[in-house]
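Dropping the structures in below, format is structure tokens.
Here come two complexes built around chain A, the first alongside chain B, the second alongside chain C.
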Partner chain A sequence: MSQPAVDQAFFIYFYISLSILSIAVIASRNIIHSAFFLLIFLLHVAAVFLFLNAEFLMVIQIIVYVGGVLALFVFAIMVMNLKEELRHRKFVKFAGAGILAGLLFFAVFYVFIRNIKITPEKPLLGDVNTLGSLLYSYYLLPFEILSLVLLVALIGGIIIAKKNPREDK
Partner chain B sequence: MINEYLLLSATLFTIGLIGFIIRRDLIVMLMCLEIMFNAVNISFASFSYYGGNYTGQIFVLFSIAVAAAEAAVGLAIVLALVRSTGINHSDEITGLRG
Partner chain C sequence: METFYFILITTIKTAIYFGILMLHVAYATYAERKIIGHIQLRLGPMVVGPHGLLQPIADVIKLIFKEDIIPSNVDRKIFTIAPLISLTAALSTFAVIPVSQNWFISDINVGILYVLGIAGIGTYGIIFAGWSSNSKYAFLGGLRSAAQMISYEVALAMSLVGVILMAESFNLTEIVNKQLEYSYGMFLFPQFLGYFVFIVAMLAETNRVPFDLPEAETELVAGYFVEYSGIRFSLFYLAEYLAMFCMSALATICFWGGWTVPPFLLKIFPFLGMIPGVVWFLLKVYFHMFLFFWLRGTLPRYRYDQLMAIGWKVLIPLALLNIVLTSLIKYYS
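== the complex of A and B ==
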């Protein structure tokens, strides 16, 4: 916070690069290129978390997203072996209407967030101790329920994606 | 200030929404879902920072875990669909029974 101009410059860089990377995820024709643009996008989002004094979230973002979710995407692309993708068209027929609906959504959202004010008590200094003690005391029940959600997703993913045994006969 | 972070969040959410609508590949649609999740997480973290409260960061933790579960189940569904019918485009799925 001691150098607002430097902060501003970095924020503008992250704004532009995040926008370009997310557009590149959509616009690239090869799916594996989309996955790699998504990788760089997620690392930039981790840097934005670092700006907001959320060091623990940055670490979790890199571990879970880059190490888990993106590896899952790359594995899925590899297993499906989509070679014929380059010939097909990328977008649906009503792509113009989709873009229009998205821009309308952005306009409405911009009207909402344009004049937002938050009373600045004091900006949060990222403290992992406080975050951990809050997570294990006040938010203990949602935390445990979340472990159940992950277990159900794990079992469900395995059951859905395994081969149907009747087809093998 | 918080306006800039919310504008960043809105921009990324809009790009993810447009990509989810207009792309045909199911895997890229799931990637656009991840973009939207990240936009919402930025919004949560900025409210947490400027409001001086840790609740936003804890919700980002929950959101990241739910996003991981969503990606696992979604990719499993796409994999099962591709394996059973050979379709991986969203506008070619016309039958309910494989």
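== the complex of A and C ==
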């Protein structure tokens, strides 16, 4: 077994399993099953990152998406207790629009990556020190703007969640 | 060929690690029963073997051969897979935990983040088990667990930021080696605030007393695994104890200097350096395991709103304060 052969085998596996899982997420009738497939899907994406030598991105993918985003999804599903299966007929109406949007997305995506060149040197994504110093020097402005956006989202969430003070009286 | 040997060696290493870990878990249940027993002026298990030493083996055999009952109204797929998610997550964390210098399965650069991330996946086992059981008690247990884990994961991760700042690395081996550069040899002393937050968040993350609300037996029978029996029940049990070991190991590595002896102690008692590092590591891990049992024997359970208040209003501000203080001291020295 040589290294390229192993690489090839893994990529074929990820290619097939990610496609099947992403269809399973939207096609399963039970919403918790969708969440379960999404969990496996996100873990597979993390594994692809690891395979591309981006350890840090893998871990962040797991912490942010699996530990945070999906946990909140599942929590919301459980609080709302959506145990009945979704009625499929309601969504069939929009199938044409959905296919159109998908085609458009793929067309745009293709235009973007058509001229892409794979550089032989590996980017230093796995290096946390490089990432940190880049974030705080070259990308400082986008970083600050993003943190401001997050702060606004936080405060907005608190205000929405809080009861109207007039109702208390 | 090199790849093949690498895979083979890693598999063998993992198998050895796994076997030793399982023995530790089996005897941790025995230790818990004995310690709790003595705290309550009982003897604990005494019948099987001398002083009940064979009790865990008997328990394992009993659990494996018991009938695996799947209730008729459960969601079968999720119900059967939930314990496996918990167990896999708990076991995977040990892939990066170094037991001694050069004793590990894998030494990745982001070890500490990996442990935190993978440990978070274990929550899904609990949530899915609670949901798929189609039972009120299990559902409430799963819901409580979801809210608790989301809140305390934040505090747990933040309490470790101080350690990361001092060690300047995410690598667990490097964190241990960095502690040796200081004469006190443990981050426990400068990071006492972080250690306090970590210990409290650790208890909440592993669903132990005084934060064992997901499985509060007086209100919820057994919480999320109330419908499970036989081998699947024991998988949950296993996952819980593995998570306890993982958190103890993390506390040992990040705050207690792992397998090393503090240099100032080594200066006074040079013979301590003769003892192999694994022994120190296990002693420190078992101190934390004892802490879990000790607290279980002495503390009552918190109310749910108290749990949330402690998490968000006490622990997270304390952890933030710790981060600010550590950064300031690091910047000005």
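Convention: the second predicted complex is superposed on the first by the 117 of 169 C-alpha atoms of A that agree within 3 Å, B and C clash if a C-alpha of one lies under 4 Å from a C-alpha of the other, contacts with A are read in each partner's own complex, and residues count from 1 in each chain.
Keep this in mind: contacts are C-beta pairs under 8 Å (C-beta built on N, C-alpha and C of every residue); 3 or more make two chains touch, one makes a residue touch a chain.
These numbers were taken from a predicted model, which means no experiment stands behind them.
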Item checked: Which superposed partner A:47 touches (first chain B, second chain C, both, neither) -> neither
- Item | Partner chain in contact with A:102 - chain B first, chain C second, else both or neither | first
Touching partner for A:79 - first (chain B), second (chain C), both, neither
both
Winner on chain A touched-residue count between chain B and chain C: chain B
A:71 in the overlay: touching chain B, chain C, both, or neither? Say first, second, both or neither. second
(message) According to the stated criteria, A:56 is in contact with first (chain B), second (chain C), both, or neither; which is it?
(response) both
Name the contact category of A:131: first (chain B only), second (chain C only), both, or neither. first
* Asked: After lining up the shared chain so the two structures overlap, which partner does A:24 touch, if you call chain B first and chain C second: first, second, both or neither?
  -> neither
So the chain A residues that chain B and chain C both touch are 56, 60, 68, 72, 79
Within their complex, chain C touches chain A through residues 1, 3-4, 75, 77-78, 81, 108-110, 113-114, 116-118, 120-121, 123-124, 127-128, 130-132, 139, 142-143, 146-147, 149-150, 153, 157, 170
Per the touch rule, the chain A residues reaching chain C in their complex are 1-3, 6, 30, 32-33, 36, 39, 43, 55-56, 58-60, 62-63, 66-68, 70-72, 74-75, 78-79, 126, 128
In the complex, the residues of chain A that touch chain B are 11, 14-15, 18-19, 22-23, 25-26, 31, 34-35, 38, 41-42, 45, 48-49, 52-54, 56-57, 60-61, 64-65, 68-69, 72-73, 76-77, 79-80, 82, 85, 88-93, 95, 98-99, 101-103, 105-106, 109-110, 113-114, 116, 118, 120-124, 130-131, 134-135, 139, 142, 146, 149-150, 152-154, 156-158, 160-161, 163-164
Within their complex, chain B touches chain A through residues 2-8, 10-19, 21-25, 27-28, 30-32, 34-35, 38, 41-42, 45-54, 57-58, 60-62, 64-73, 75-80, 82-84, 88-91
